[in-house]
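What follows is a pair of complexes built around chain A, which joins chain B in one and chain C in the other.
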Partner chain A sequence: MADTSLARNSAAPDTSAIQDAYLAMTRTKRMYGGIMLVIFIALMTSGFMLADSRNAGGFWDGILNIFAFPGEVLAEAREKVTLIPALMVKFFPSLIETVNIAAASTLIGGLLAVVLSLLSTRGLARFPTLVGPFRRLMDILRAVPEIVIALVLIFILGGGPVPAMIAIALHTAGALGKLFSEVNENASLKPLEGLESVGANWTQRMILGVVPQVAPNWLSYALLRFEINIRASAILGFVGSGGIGYDLKNAFSWGQGRYDEVAAIFILLFLTIVLFDQLSSHYRNKLVGKV
Partner chain B sequence: MSATAEMVTGGNPAQDAVARFRRKQIAGFAVPAVILAYFVYLFFAFDIAGLVDRARMDNAKILVADSYSYKTHITHDNRNGGVSFAIEGENKGTYPDGMMPGFVTSTGEDAVKITLDAGEVAEIEGSTLRYSLPDYGTVTVTVEGRDISLETPDGTIPDWISASNARVNITGEGGRATVTRARTEVYVYSYGWELFWFTLDSPFYGKSFAELVTLAVSGEQVIEGQSNFAAMLSEVWNNSMWRHKDVIWAIFETILMAFLGTMGAAIVALPMAFIAARNFNRLASLRFAIRRVFDFVRGVDGLIWTIILSRAFGPGPMTGALAILITDTGSFGKIFSEALENVDDKQIEGVTSTGAKPLQRYRFGVIPQITPVLLSQVLYYLESNTRSATVIGAITGGGIGLLLTQAIITQKDWEEVSYYIMLIIIMVIFMDTVSGWLRRKLIRSDDSGV
Partner chain C sequence: MLKITKLTRKFGPNTAVDAVSFTVEKPMMIGIIGRSGAGKSTLLRMVNRLTDATEGKIEFEGRDVTALKGDAKRAWQSDCAMIFQQFNLVPRMDVVSNVLHGTLNRRSTLATMFNLYPQADICRAIEILDRLGIAEHAPKRAEALSGGQQQRVAIARALMQDPRIVLADEPIASLDPMNAQLVMDDLRRIHEEDGRTVIANLHTLDTARRYCDRVIGMLHGRIVFDGTPEQLTTGAARDIYGADAGFSETSTSTSIETLERAGVRAMRTAEAAI
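Then we have the complex of A and B:
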């Protein structure tokens, strides 16, 4: 009897201490959470007001006019609806150019990324001491916005699709290189040992030992990148030159009277993006499902 | 897939293996061949051959040279007389009266002597220019009324001088000179980014770092009513040549666009994702509708949203933020609803068993499970949107993207272009670091889910 009451007495302060500690921890956690929330809300509102004040048109004026421009475009497109198919045919070559820019840059960037990723994966690298520099190189390639390279290259190479292609390819090399090297890290080293034992050199080891293991994942990432690059190549066309973006800019800056062209390009761009989105997600599912 | 299935049913394993090898061999040649064929097609489609002709390597040279050096123009006005000195020939970089660069000495009325690199010397005396090269001698160019006369030591014109009736260009080792009827101009190249801190009209111009430090700590006020340190800061901040104030604001605006857009998109997308997730919304039609909204918003590219919004809101950071917000609502909605469909029901049941109401069930049963996915995606997008905001700024006119395009369009302030490029890279790397740090910090500390 005495024993049990003693045990109860000694246990009681223990649980209450745990409870107190738990409640205190919850309180501090809640407080931190609350403070974070307050800071976040303050940042959002002040940011919103600042952005609003530095914008040419205010937010509230704009939000009321948001349908004005699409309305104008739609109205003109409806008037000239019979012309739209012809316009879509007219702009089709530019669309092909945009898709070509995206495809070429994904291809070139992807090939570069393969090399860079193999050189910057520990355990696979040809020059193990250079793993760090190659990783930094990929970081820099990824960090430079495409528009910077594109604009500088336009100055040197003149207009056309090539500056955009090089700009996107360099960015792709950095972005895919990082993802590829993450995939490479999971590759089994056993095939490599086997190949090494029969005297394969580094290139042969990579092509025969690593690539078959990682190719499906590489392809899946590359397809996703292709989808992103189509959007990027349309945007770069608008800012620089080449492809459907450039036509859109011309039609857009012409203003009223060419809104049928704007509408036609909008439709083309929308359909293309949705099409490649669907295609790439279909094939990605297939590739990853196979692994 | 179907081909392999057929072969497996074909029986004989040896034949099978041979067939597979053959397929691999064919693929091994076909894939590179297709890629090569595509590149050949591109070679013609993109007119690479023509590109080589059109490429302006001299532009590349200017770009590279300008990014680490600047030139000072020493100009004599041949019509009205008078010599002026201006950095990059700009108004804002013109030396005030009575002040001249260190390599120029005044030799009389309307006459200066310019000491160039490589032992070359240029002298301007009225409308006469004497350009002396150590191994060659002195070239004299005189403007008399409508004529420009050129005199060289041996009477012939070497290929580094181009001369016509209206214009004479001399390209030496240490400098360059141009003479037209209107003006005689000598360009002197020097290393560095001149006037980066203080412009010529600033009292702090030309002082060494040590002098500046002494000035900053000493009591004597250079500008009345301001401490020296504050005055220096304000001189740098308001530098009219490099426009530090505008540039820093532009960088800030770009980050603001990315921040507002990404966070706004996450806030908008989260409730919509609940409606689009199968396990939280039993109404298939509503689910379908919201998903199509996500698809539509993603399909209408950021470019189109930017254009539509820039019409309604005008140039500025708000337009960019909204463009990012709308585009990313689609992406976030898709990612979040997929994450929601993968949540573990057991935790929700556990919370329900304690008598939690629906809102509490979401708060304590669902949110802790999706927080890591949500946060890491939001932070990843924040980083990538900093880059997008640069491009969007170039389209709508706001932020550093606008400054960059403007500087490139004028085609002469290449040192500014390289400055902006450096700032953009620093900005992106900074955001990358911050978002990576936050991601590690937040996701680890949120393990308990409270």
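Then we have the complex of A and C:
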């Protein structure tokens, strides 16, 4: 009995000490949080004011006109709404070309990204000392804008879909390689140890041990990249690689009277993205086994 | 107090829980035993409303719990704490924050988003941790603690809810015998000192016998045994597990006492033989 009361007495100041220490820690955390919030708001406000003062037109004057251009496009498209289905049919072949460029570049870039990601994940890499160089290689692939690579390649190879495909594939390899390698980091090493214990080589360990764990995540990143690449290949059409981007540029730049074509192309692009979004979530669920 | 009537849960063609009925008149400690897949977890999850019932009714003090929705359902969940086999704590948050999660139902979303809790709640959380003997770990991240300590944090979170009922789904299945005993002692104390009802899924018979006032046995989703621990003979246990005469408790027991008893018995037989 005496022992228990003694133990309680010695425990009581202990608890209050822990409470005080924890409350002090909470106060410090809250103070830092508050200071960070104030700094964040101050930086955002001052940054915005600075950018606005350097702006040619001024944000507040321009913001009211933001809907003027889309409004003009929509107004003209509404007048010629009956022509739009025919225009969509007319532009459909160029859309196919654009989607083809995106698909081929996603596939080639994705395969390259798989190899790069496995070589640049710590704990999995075939050559652990070369993890850094492979990462820097992916950084370079991501850093150079695809439009620059495409312009250089168009200069060398001439206009057409192949330079656009190569340019997008290189960028895809860098971007997906980074994402894939982050997925690989979360893969469990236990199956790999199991495969190593039976004498499997590196390639076998990667294909049979890592890929089954990470494939669903790889696929969803690759499909997202495919959507991004459709848009990128449409943009590259502006610099002369064919596809729907070329038609879009012509419709835009030849001035008045072509906004119905612009509307038709945007509708086509929107429908394509929706279609591939639906397709990709369907097949991803199938792979994960949720359907 | 708690009345369950013909509670059924179907997963596609499988019936996990099949027309289960029982009544709890006064606060007590109940152990549910049965082999894996017998529907014990699904039953507890339905009481907490983590899983919806296909048919049947759960009534608590005359209120139909199965029909609750939205806010009312979350308020019930706050009254009916759940402890999981794998602890289900937020691993990257500190122990006290994990315990404070027990008050989420009473606090505004905005305040909890920024981890802002009243000072009184923080003090109470640390008092509860002290009661369970882990107050010195208060500022540590939950993932830095051992399994037994994490389970006691989970119990502290349950106590922070100030619940009427504590449900424990295999609370000691991933713990070693020593920690298992500490956790079960804590659950028993929650019942004895606070007068709360504790319903625990257990997978060892000796734990059920030692700690519970009432034992319910389930097989293939049905209740096949409902009685006091004394009535739970080896024969009754064989029926619950659908086992034959080769079934022996001591061979798989994880309790330290049982091992000792078995050891003493072995010694005696050896001595007798000599």
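Note that in this section the second predicted complex is superposed on the first by the 199 of 291 C-alpha atoms of A that agree within 3 Å, B and C clash if a C-alpha of one lies under 4 Å from a C-alpha of the other, contacts with A are read in each partner's own complex, and residues count from 1 in each chain.
The definition used in the following text is that contacts are C-beta pairs under 8 Å (C-beta built on N, C-alpha and C of every residue); 3 or more make two chains touch, one makes a residue touch a chain.
Please read all numbers here as calculations on a predicted model, not as lab measurements.
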item	value
Which of chain B and chain C A:54 touches, first, second, both or neither	first
Contacts of A:238 with chain B and chain C, given as first, second, both or neither	first
Partner with the higher number of touched chain A residues, chain C or chain B	B
Which of chain B and chain C A:92 touches, first, second, both or neither	neither
Which superposed partner A:21 touches (first chain B, second chain C, both, neither)	second
Which of chain B and chain C A:283 touches, first, second, both or neither	neither
Touching partner for A:152 - first (chain B), second (chain C), both, neither	first
Overlap of the chain B and chain C footprints on chain A, listed as residue numbers	26, 29-30
Residues of chain A defined as touching chain C within the complex	11, 14-15, 18-19, 21-23, 25-26, 29-30, 33
Residue ranges of chain C touching chain A (in the complex, touch as defined)	96, 114-116, 119, 122-123, 126-127, 130, 135-136, 138-139
Residue ranges of chain B in contact with chain A within the complex	35, 38-39, 42, 45-48, 51, 54-57, 59-60, 63, 253, 256-257, 259-260, 263-264, 295, 298-304, 307-309, 311-319, 321, 387, 390-391, 394-395, 397-398, 401, 404-405, 408, 411, 417, 421, 424-425, 428-429, 432, 448, 450
Touch list for chain A against partner chain B, complex	26, 29-30, 40, 43-44, 47-48, 50-52, 54-57, 59, 61-63, 65-66, 68-70, 97, 100, 103-104, 107, 139-140, 143-148, 151-152, 155-158, 160-162, 165, 231, 234-236, 238-239, 245, 248, 252, 266, 269-270, 273-274, 277
